[in-house]
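Each structure below appears as structure tokens.
There are two complexes below, and they share chain A, which is joined by chain B in the first and by chain C in the second.
Up next is the complex of A and B:
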């Protein structure tokens, strides 16, 4: 426990620093209130629910990143996996002629499979040709994002609307909302997934092997772990979680795929930031993901009421990552970063 | 006609930003700094070039402002990545987000707009007219009337190549990448060398950004660097940081970009042509790395 504490001591210090910075940007009482109101208040707690919606997406991305990083795999392709998951879900949601429940389930499965395959593609490229996973997974983001953008601006565009977006998904197939709120049940789905990841990482053989492989591939191989299978499975699980998150964004929040809805808020990079801030410790990750979600919606609230631009949230987030680069880096480089 | 003057004219314009960033990246690679913040540094350069040009009415002054901002970017990276000893990948991720946030923030604060800023006061960088050469069909369009940065970038390839090969500090830079302890024993600080390489890299990336915002067009849009920093990184990886290879490889990507624009003109959707460089990057990387162990500086 003391070891864990030592690891999280600095992140906590940095959170405090971030809050101080926030206050420096927003020195008035009014601005602080606007921030808190933006993150947690609003009429009928509207803003709290939008923080929670954002938290659901960030938690999903962060869990996807966590699974990879924990195994020492530097998969930074969460963006492409998220977008392809969302796109697949939207296509199934709009075009599959089936009863609502079937549409919902097949959209979820489709999104997970497509995103898992996309994540695995970067792995296949690394293992077959030595192109580092870091670079392969990153480069694959661009075709994915452009493809989604093409789909909703040309062949599958909602021609009745001015925006570049897909048609609305089958109305009854969308995720239900908690009564009287804008929050949908996607958060439950992602919350359960996060819980499963956290518990299995600690208790299952697979979780143990993944962790050991992350600390030292040599040890994993010498112990006779199936490192190759672990490598692909980890990547596919990581991708599948990102795909599920894309499904939740499309079937919950927006009920359609809107161009840029998953890239403009920098979900993928924020998810990576949350994992790094948690020093790659699973149970800390939901806390940091929530912190970043509140930071973003709070900043939007400040922009609305006191005119302090919302980008301040992103800037603070970046500064936190920069200050953490030393500690989180030790966590990463204790792993040899190759995972093979 | 496909190979017409417009296409030839666009190739140097498109490959210059990538080439400038690639030279900077090669320098970082040589000192064993894994800088994947090129993207953010270019964005900073593109933004501050517009700011400088807008307030002075002079594109060269704008370029100067961009270079200063780029040098500061390199310094920020060096503080976190070298002085504080942070992981370079994480510093880069943080820096790229910082660049996106900071440019969007300042765009609103300085110009009161969001997304895009466009003003007649933003003028273009000077162009070099080669006189009679301009009349040669195709080649004239390729060589003449290009911005000063195009020529600067090409000359820099050879200058930096010579510098690394022959100059005392160039040799030290290369040594710093290989063995820090040996550098210290002879009384040279590897940290100082790494910092200077990062500052140079930031400056070059910012110049690449300036080529985007005050030469290719005269406006700033959010996310203007559009992944070119990553392409530059990939080029350096392909060429193993050897500058004489970087030039033709950057030219290849410029050609692909130019073809892409042409295909858009022929009605192919922008999203598909824009993803071609990335697909090409993956394919070429696969071919190059197939017989080589990844030499990832970490």
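Up next is the complex of A and C:
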């Protein structure tokens, strides 16, 4: 445990420094209160629920990233996988003529399968053409994001609305909300998924192999692990979790696919930052994901109440990410990149 | 050793009026707990051909790294032309007139010969343009003066290997190098090309350039060098004028005074456990890395593989273990295992101790326990229905930590925090506790402290005594001679000779390693 603490101590220090900086813009009691109220307060705890909604999506993405990174696979294609998952869920939710429960389940599975295949595609590209996974997964984000944009602005656009968005999904198929709140049950689905990932990473043979392979591919090969199978499976699990998260965003919060709903809040990139800040330790990841969710909603609250631009929060996040890229660099170095 | 002058006496005797172009005094360098260099002092004189010889790990590369500014010495000074010089980078070394031809060429294949020659020296003229005409004139002059036949406009990628090497040398001359250091320059050349290289070096020497040659190849040293320095285990152990020595003496100086054979009772039986037939490993280009290798290893036998590193040892090990494809046949446990992957071979009773503890043998970021069960994590001893059984893993790990005397605070300790010897004990414990029928071991004592060496050697011999066949690849002849029942010598991808235990002789093995065939033909 002390080893873990030491690993995360420095990032936490940086974050604390960031918060000090943040407060330096308005070193008053109001600013702190505005931040806390923005993140956790509001009428009927509205802001807390909006933090939790954001946290659910961030946690899903972070868990997806975590699975890849833990295996040493630098899959940064969570954005594309998330968007394709959301788009698939929306298409099924709008167009599948079936009872509500069937629609919900099909949308969930469809989103997971499509996103898993998208993630695997980056792996196939790496294996077949030697384009590094880092590059391939990044580049695959663009077709996914633009494809989704095209779908909801042209063929599947809700023509009755002014916004570029899909039609509403079958109303009864949407995820129910906790009574009296804006928070939907998606957070439960993602929470359970996160728990399963955290537990399996520690207790299963599969998790053990993934972890060892992440430490050293050469070691995994010399020990006789099925490295190729681990590689594809890990990527697909990673993609499936991102797809599930896309489903939650569409069937929960918005009940439709709105252009930019998954990209504008930078979920995917913040998810990567959360994983790096957690030093790729599974059980720490929900904590860092929550931190980033609170940072975002808190900053919005500060802007509303005391006029500190929310960009200040984003600047702090960007500084943290920049710092964390050093962690990513350490992860990259010492790996031969071959034989995966 | 009697009757042979000491090093000090030699130095005195060889002192001449020729000025030293560079001098190293009292250089020491340690990497962690390993003393790579200890009090090394020598000079390079103007216009001489100096050879630096020694086995792998003797400290040759470290010495050159320090001379060339790539490494900082812990103690000692480097003087260039009589002035102490703090070499901070290769740039300083180049400015001081030193040039090095690395074993792996440092060329841009997509650029032309001329562009490669002027890299780093391309003083830009007006508007940032490179005055190519001026550069071309200077380069042409050097080609003419030293009699090189190089086309300045050809792309380096299109050149054969020997011509690329010439480009490297011209590059150094272009930078005004007065000392040219070559690291194993003939490793990549055919015999004819090697002769041409040495002729060219002689021309450089005649014009006042000093040559420093780092090599294992004693014949080449005898034919070309004026003076020879021998390194062993980080120390300069001898200096000889070429005229006053011979390959036999040099070989002995390289490997040590005498190789002491520690107690070993041969356990070799009659049953053939491993049979390797016509094993060949192709490279992507060029000659095969391993050519038609044939040998058998019997139950309880330790079969040593000697050779200068890079002569096919890595490929042999990879082919045996299943990390690399190969042609031919490897029969073990009643079948040809070449089509099988690592896991299937391990399931048949193969054990493998990789020389590279950092990347292959251990997961450095993993715990001691995690490293001890690797390869057997799916077995019922450590898991049920896909889930690890922690209690059994813990008991097993603690047991091995005791039995193999692994000095660690706990089984949860991160492996990277342990010393090299203790890390290697984890590898030994893991592989030996699996009770292999065939163990492939690669340089088991690299970077391991002396106490652990004996322990590891004993463990390997005890395993052999239980009937396991052992293939031991090592660059340490002492180790090979101490443990092996027979020693095969790899040279240039071929098994050059096989020596029985009672025929082991450092000089004969050394000769076979460098291409001679004085041993018993394989």
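For the reader, a short list of remarks on this structure follows.
Here, the second predicted complex is superposed on the first by the 325 of 340 C-alpha atoms of A that agree within 3 Å, B and C clash if a C-alpha of one lies under 4 Å from a C-alpha of the other, contacts with A are read in each partner's own complex, and residues count from 1 in each chain.
Heads up, the rule we're going with is that a residue touches a chain if its C-beta (ideal position, glycine included) is under 8 Å from a C-beta of that chain, and two chains touch if they have at least 3 such contacts.
Computed from a prediction, not measured in an experiment: that's the story for all the values here.
When the two structures are aligned on the shared chain, A:315 is found in touch with chain B, with no touch to chain C. Of the two partner chains, neither chain B nor chain C is touched by A:250.
Within the superposed three-chain model, A:170 lies out of touch with both chain B and chain C [touch as defined at top]. Within the superposed three-chain arrangement, the count of touched residues of chain A is higher for B, of the candidates chain B and chain C.
Once the two complexes are overlaid on the shared chain, A:206 sits against chain C while remaining clear of chain B. When both complexes are overlaid on chain A, the residue A:83 reaches neither chain B nor chain C. In the superposition on chain A, A:278 contacts neither chain B nor chain C.
In the superposition on chain A, contact of A:226 is made with chain C only, not with chain B.
In the superposed model, A:130 lies in contact with chain B only, and not with chain C.
Overlap of the chain B and chain C interfaces on chain A comprises no residues. Interface residues of chain A facing chain C in the complex, by the touch rule stated above, are 3, 203-206, 208-209, 211-212, 215-216, 218-226, 334, 336. Listing the residues of chain C that touch chain A in their complex gives 321-323, 341-346, 352, 354, 356, 359-366, 370, 374-375, 377-378, 383, 386-388, 390, 414. Taken in their complex, chain A has these residues touching chain B: 74, 76, 125, 128-132, 134-136, 138-140, 142-143, 146-147, 149-150, 153-154, 266, 269-270, 272-273, 276, 309, 311-315, 317-326, 328-330, 332-333, 337.
Within the complex formed with chain A, the chain B residues making contact are 76, 80-81, 84-87, 89-91, 93-98, 100-102, 104-105, 108-109, 227, 230, 233-234, 237, 269, 271-272, 274-275, 278-279, 281-282, 285-287, 289-290, 292-294, 296, 298.
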